[in-house]
Each structure stands twice: as C-alpha cells, then as structure tokens.
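Following are the structures in question.
Same chain, two partners: chain A is paired with chain B first, then with chain C.
Let's turn to the complex of A and B:
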C-alpha cells in the first residue's frame, strides 16, 4: 500500500526499533505461562499456575476490586463534573472562558510526583490518606482535565443548527440538551468514559502517595509486589491488564474510532 | 411536580452568566481543593522548620533551602537527574526517529496497524512495562541467558543500576516522542527530497540537509516532552534502579514517605519545577531559532 518508496535501511531501522518498543510487552506473555517458581526467561517449564495464584492471592484480589470501584466512581464523577463545565465553556462562553479552561487543564502540566506530594501534604492532616475518598479526589484531579478537553472538542464539533432548530420548534434548553445535544456527542462521551476509566485504573504515582497499608489499588499492589519479588504472577496480572485495556480500546474503536480519540 | 417547575424556572432566573457559573462551580471547587491550594501549600512547606522527629516546627525559615542548596548530595541529585534525563531524551529521539519517519511514509491499513502498536504501550501501565524490562534485563532474564548461551561466563549487570533505568525509560517514553515527531512531520513533503536527489545530492546529504532541518520543530517538541517526563518519572527508576539509583523524583518520594522530611521533599519538588521552567524557556528559544 506504500505510495512512496521507503529505503530498505529505514525499514530495517524502524523494524528494530519497533521490536525494542514492544519487547517488554512481548516477553510478559510467555513468562505468565511459566512453570518456574521464580522469574526466568525463557522459562524451563510451562503451566497456568500463576493465573490461579492471582485468584488465591487476597491482596491482589482486594486491590483489583478497589481499583475497579475507584475507576467507576472517578469516571462517573468526571462525566458529571466535566460535562457541565465543557457545556459552559463551549456554549455559554462566559468572560475568561479561555483562562478558565487553561486553569482546569493545568494539573496535567504538573509532574505527578510533585502533584502527589502536594496532595499528600494537604490530605494527610485531614486524615484522607489511605481512604477511598482521598483516592477519588486525587484521581479526579488528573481525569477531569481529560474529560473537559475531550468533551469540549466533541461539543465544539457539533453543528449548532440542529440544536437551534429544536429550540425554535419549542423545546426547552434542558430538553434540547438531553434529547439533541447529548445523543449527538455519543462518541465523545464514549471516549471520555474510556479515557477516564483507563487513566484512573492505571494511575500509580498519585495512588502511591494516597494509599495506606489497608487500602491498595491494583497498580500499587503490583508495584509493591514487583519491588519485593518479581515472580511470574506479576506477568500473569500484566497479561490480564493488557487484555482489559485492549477490550476497552476495541469498544472505543467500534464506537468512536481509536485514531480520532487518541491521536490528534 | 415541584421538581419539574424548578427545572423550568431555574435557568431562566439565573441568566446566561449565572448558569455558566453554576455549571462551572463543581470543577472550580475540585481545582481549588485539589490543585491550587496544594501547590501554594507545597511552596509554603519548603520554608517550614523541619525537626528530626519528622514533626514540623511552627516557624518559617530558609534552613531547608540553604541546607539543600549547599549539600553536595542534593547538588549531585540535581546534576544526576538532569544528566540522565538528557541522555534518555537523546536516546529516545534516536530510537523513535526511524519509526516516526516510517509511519509518516506509510499509508492505509498498514499505517493504522502501526499506529495502534505505537499507542498500545502508552495505554499499558508503567508498572507492567517496567516489569517486562525486569524480565529482559535481570540476572535470569532474556539478555543474560542469551549471552550465557553464547558462551559469556559472566554477563554484565543490566539491572539495579543506571543502565537499566536508562534502557527502561527510553522505551517507556518512545510513544510520546513518536507522536510529537509525527505532529511536526507535516512540513516534510516527499517531493522536496525527490528534488534534492534529482539535483544530485547523496541520500545521506539529503537526509542531513533537507529532512532533518524540516523535522526540527517536531524533534524540539518531543525532546521537551521526554526530558520533562524523564526527570519526573518515578516508578521505573525505583523498580529498575532497585534503590541504588538516586534521582530527584525518587528522593522526593523517599523524603516524603520514608524519612518524613516534608520541607525537604517540598524544596526538591520546587527544584523540579524550576528545571521545568528552564527547559520550557530553552524550548521556546530553540523553536524561535528554528523558525
């Protein structure tokens, strides 16, 4: 399908670099089926025992349910807070809308290590460290900017004429929003949901500052596990996480188009 | 019934500005509590009195700052972090450039497949990818076993040192660099290269004199992005460094969680932000010179 000839040297260089880029993901799959008690590559025998080990490991299972609940709550709140904000910024354009939208995306510019420390210093005296509420608040800081940005783009790309027509035909503003605007920005809503869910589910640095010994998210539990012993169980969890991510990405691709969502 | 009338009456009574304020209130509250206040508090914290027990003194002074900026360990942290991040940025650029150029030249389904392969690592957790690198670089890993199979008695240690951190972070930052390069490759018209080749320039000279200068803005953007992400990355240096690699980000975490010296952690964070500011300024200057 190439229109322009590509020199063989470039092909080889790009191929090698792709191999380097995908290497860590490529080795994780065979290791997850290792029969060894420690991590070695290539493994000396094969089994599925490490997948069974995940379900027998109460720390990992608890952490998984906490991460799932956390990602769900954070996603719902991001949509609930981000959608009105995006509507106000794009449709109502109050004075200073541009400055406000810069302020709302500013948390993404801050390195997460700095943001994590800043949140720790404020949340610790309030007793929010190691609490679910603290985790929700910390994750919201980083998911909301994505939500507002994607939803604003979705809103700005909608043709205004349909909404105006509905308004002229007597529909009230709220009816127009729920019956016309919202259904039309379906792909933006799907992308936002997927993005917020994945960002929250994968978030590790902020969570490391926010979690205590009693309450761990899955990435934090994995981090602690790998830090102490890098056995093949971490590989099995990694494979399941990659499968979960792929499933989410496929759903987004079907409904909204992957490249339009993430590459722009 | 009452809720219905409320729904109708509310927006009309508020007017457009009032409605906008009401809709923006929740996000403003989250932003104020979760961003503005913590950042201001962080700056204040770096001037608080630190006591050996981990408790905070009541007063404000410059002790933490003067100690940090005269301590040779802190200075080493800063130079180490900046140096390692620069090295990682250069390596990421070298590794990403061929992929970006190849992606820029490919079309259709093939391009979509490759694009997914570039974005997919971005969507997987840094912990997962770092774990993959442990599997490759550890003493019983892929590289060590391959070298031993080739007859090397004692393969070099690739983990729990700076080498591992540099290799791991280079790979982890590649997707960002590739996307930044691609965004800047729009100016690269293949006809310009064809013209240079037709006019007798060698392929190497064409690359050096035509392709490279045209893609410089993308390289500057990718460089800024990778440098900034490298100097603030924490998970990979911690896991692949095994506690033997000391960088600003890992030290911030240790001071905050292990040593409980919050003023010093806050001061180190401020230093990271200063490095950020300097790199942004340098980027803006580089961009002006390119253009």
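Let's turn to the complex of A and C:
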C-alpha cells in the first residue's frame, strides 16, 4: 500500500473512531479484574478470582469445549465444501455462475434472527434442535458464504498461465490443483479458516435457536449466565475471547499478511 | 477427440514437416480467430508467427499446445496426430510472455517440476536441472524465489524449465514483450543460440517484425486469422505477397495508380504490373528511394519522381525526409556516412528506385 501523508484532522477522527470501538473493552477489562460479587464500574476492589471461577464452572467449561469442537468442525466443512464450490464457479464457469455466486452469498443478507426462526421451524420436526449436527448445519449457513466468497476471490486472482505452465510440463489436472493452485491460494485459505472459525465461535443468535438445555455453546452459556446473575465472570470470559480472537488475527497476519488477506 | 479416417491418415502422413498443421481452425460465436491454417515446420527450424494483435497467432500457438481446442483441422507432430490430446500428454515446452513461474517454489524446483512429472530418477534429474540452470547462466541462483529475480532472469528460468524435459517442440508466446529494449535484444540472440545448439523445433509468436526477421528461419505472417505469407525473412521482406505483408513487415510508401495491359500508370510514371487491371496500390520501401538534388541522374533503368522536401529530420545515423511528389507524401531517408547536411524544406529533389523494388497489389 502506498504511504500518503495523513492530515491531523483525519488522525483525530480515526483516533475517536478507535476509542469508540475500544470503549466496551475499556469497561470490560477493569470489571474482569473486579473483586466485587456483582458488575460495577469502577470496581471497588481488585482480584483475579473471576478468571479462576471460569475454570471451576463446569457449565462454562463444557460450553467452551463444545464451541471449540463446533468451530473446528464447521471450519473444516466450510473449506471442504467452499473450495470445490469456488473452483467450479471460477474455473469451470458453468452457465449461470454469476447468479449462483450471488445466491450463495444470500444468507449474509438475511437477518440472523430470520434465519434462526426459519431453521427452528425446519429443524424442530427433524429432531435436530439441541443436537451437534443441527448446530453444525446452522453455522455452515453463515460461514459458507464467507468461504465461497473469499476462496473465489483468491482463485480468480491467480494467473491462469501458471496452471497452464504446470500442465504443459506434464502435470495432470489434479496434480496441478494440489501442487500449484492450492499452494498459490495459501493466503486465501488462511483467511477463510480464520474467518469461519471466528464467525462460528462468536455466533449467538442462530445458536440460541439451535441449542437445548444439554448442549450450549460458549456465547449462549454466557448469555444465559448474564441473564440470571450479574457477576463479573462474563467480563472475564469476554476478555479471554478478545485474547483468542487477537491470537487468531495475529497468526493470520504472520502467515499471510492481514491487509493482503482481508482487504483484497 | 477427432479420429482421422484412413484416407485422411494417408494425407496427414504425407505432410512434409516435423510439425504439420492441416486446416487448423478456431471459431468463436461471432468470429473466426484462426481460419484454415496449413503449415509445415521442419525439424530444428525456428519459425515466427508474426502479425498484429488479434491476428490469431497466439490462438494458433495455444491450439498447438492444446490449451485451446481446435474447431476443426489437425495438428501432427512427427507423424502422430495430436489433435484432441490433452496438453500434459503433448510433450511440448511453452514459454509465456508473463513467465508463469511457480511463485511458491525456488528456481531449482521450478526447473525440476517437469522432470518430477516424468518420474525421472532423482540423481539424473538433479544433474539435468544443474545443466539447464547453467545453460541460462543462472548458476548460484538455484535457491532464489522467482520474485527475487529480474524479468530477464525469470524468463531465462522459464526457458530452462521448458527445455529441461527435452520437449519435442518449444513454443514461445511473445517471450520478450515484457522486457525492456536492451534486454530484449540480448534475450533474442540467447534464445536463438540455445535453440540452434539443441537443434529443437520452435515456434516463436511475436508482433515485433525485428524479432521475426533477425532470429527466425521462417516467418509466418498472419492477419485476421488467415495466413498471409510463409517464407524466409528475406522472401518476406523483399517479395511480400500481399499489401498487408508489405505494410506490416518494414516501412512502406504507398502510391495509387491504374493498371492495364501489363503496366500501371502511377504519379506520371509507368511501372511494370503484369496480370493487373484497374486500380492498384504501388509500394516502395522508403530507404530504397534514393534522394538526389539538382537534375535527375539520367538512368533509364530507374523509376524517378520529382518532388519537394516538406519535412526534414536529423536522426543521427540517418536523415529522414518527407517529400511531396505528384500530390503524395513519400518518406525516404539518406545516410549520414559522409557527414551529409540536412536539406532544407522546399528543396527540389528527385527520388529514384530500382524497378525490382516496386511492389504492385490490387487496390484494397
């Protein structure tokens, strides 16, 4: 990216914007270290007891492992379905590829509450509510559009001649895909993985419709917890989630370059 | 896959060349990119496909490579009909204008790729990669990534990568067009030297007549998907068969005239035009028109036109003139070998040229 001089006014505007975005964290972070038994800002005493409380809370720990497993399965499936779909749309260009590609992004245009309600109506008679499979299917609806989009863009930006060159050197189409196309899509693959994982891990609305009393994801467990008691544990979990997200973003930045991955 | 009938096979086998194109055609919905291309290329020849952009030269090359399917016609290499065969089974090397190196592999692995696909034993492959890299003078750069090399170096890697597998034919698609002028001249000679040393049959697609004339054994001039002329660089330049070839290869002056009874009247002089009737275009290359001042040199054997200098340009090695004669602007040039001074505009001059330097075509 080219570096251009930034005017002081723009710097101030950007600073205010960042402050606005960070404001929740500026409240949550102190509260997470509160020694009080209820959420209050500023806290009257300091402690790390609420971090300890998370690990002692079996409901939260259960929900964490379910969310982790769910995000993992959803990410693997998104890549497994999104990659062939993107390849078909971009490289094989079936008739109506443009329309199909728009159709695949359609779920992103629907409010998740509408999607959630629709899924509830469809999944309930099938007995999928409160099941892991149901959650996976629901999350795929929101992660797949991202996966297909990002992978299509990554694929479309590849010079076709490099793949043709591999073919001319005697590589069969499948060999070309695994030895040339896929490695060249690395940054697209890394960003798709990160995006799908985070979208699934953070998803609340759809999960609220899909979860039952015996199967809760972490965001749903947090929601229920806050609903019932106002202790600062939710703040401590939030801080841990921010740290996790930051870690994912840093990994993406180190392996693929953040601007290259998300901006293009 | 197109299967040739027995009678057709006989006809195909009669092809003279190592590479034979028979009626090769590529049609798209609204236009024909390549129309009935017939060509024979002998083993070890370097043949240029020359023409303006959109003339079908690249489509022809991609059909030979198998990257674009032929609508009809045949591609025969060494007696084997390759029409419809997948590119990866054709055993041809292709060098792209954009280099098309594998960005995620180092130079050695780029060059080794084709050998790996052919399952050449490791030790032999390593030796051949080493030789190929040495051939393009990049020894020591084996473990660089393509992005760390200059354009010229990348194109040399692409050349080594294509040649290391010892392909039956080397295809070059505008390989020098992305390089700057000085590098282009060097690479041109280098490609020719390597091609001759290996004795490999090669097709060189270019829009640059200099590249075609200077390094190729044969030039195929194409326009609007059709073959205009095939010949040695000398034939193409000295005996252009069509007005297009005369105008595209080298510079040209164009005069309009009328022909009847085997001669044409143009700008008040008579030129030989056997077989032409009606409107004709008479063409002469600028540097074949000799410019002289004062009374015209009396030479009955030369065609001569009197005119006036309208524009004079000093270009170092040569002096460039625009002369108005018989209502037409003609370009010509004079050498500065003897330190000649530039003539002033308005100077009356005479242009003289040999009859054999006069090309006559039916008016388009």
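Basically, the second predicted complex is superposed on the first by the 240 of 264 C-alpha atoms of A that agree within 3 Å, B and C clash if a C-alpha of one lies under 4 Å from a C-alpha of the other, contacts with A are read in each partner's own complex, and residues count from 1 in each chain.
Going forward, a residue touches a chain if its C-beta (ideal position, glycine included) is under 8 Å from a C-beta of that chain, and two chains touch if they have at least 3 such contacts.
Keep in mind that what you see is a predicted model, and the values were worked out from it rather than measured.
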First, second, both or neither for A:159, with chain B first and chain C second: second
Per-residue contact with chain A, leading partner among chain C and chain B: B
Touched partner set for A:141, first chain B, second chain C, both or neither: first
Partner chain(s) touched by A:186 [first = chain B, second = chain C, both, neither]: second
Contacts of A:172 with chain B and chain C, given as first, second, both or neither: both
Chain B versus chain C as contact partner of A:247, first or second or both or neither: neither
Which of chain B and chain C A:88 touches, first, second, both or neither: first
Footprint overlap on chain A, where chain B in one structure and chain C in the other make contact: 172-173
Partner chain A, residues of chain C touching it in the complex: 65, 67, 86-94, 96, 98, 100-104, 113-114, 117-118, 158, 161-162, 165
Interfacial residue positions of chain B with respect to chain A in the complex: 7-8, 11, 16-17, 19-21, 23-24, 26-27, 30-31, 33-35, 37-39, 41-42, 45, 95-96, 98-99, 101-103, 105-110, 112, 114-136, 138, 140-142, 145, 171, 174-175, 179, 190, 203, 228, 231-235, 238-239, 249, 252-253, 256-257, 262, 265-266, 269, 272-273, 276
Touching residues on chain A, where the partner in the complex is chain B: 1-4, 6-7, 10-11, 13-14, 16-18, 20-28, 31, 38-42, 80-82, 84-85, 87-89, 92-94, 100, 103-104, 106-107, 110-115, 117-122, 137-138, 140-141, 144, 148, 172-174, 198, 202, 204-205, 208-209, 219, 222-223, 226-227, 230, 234-235, 238, 241-242, 245-246, 249, 258-259, 262-263
In the complex, chain A residues that touch chain C: 159, 161-162, 164-173, 175, 179-180, 183-184, 186
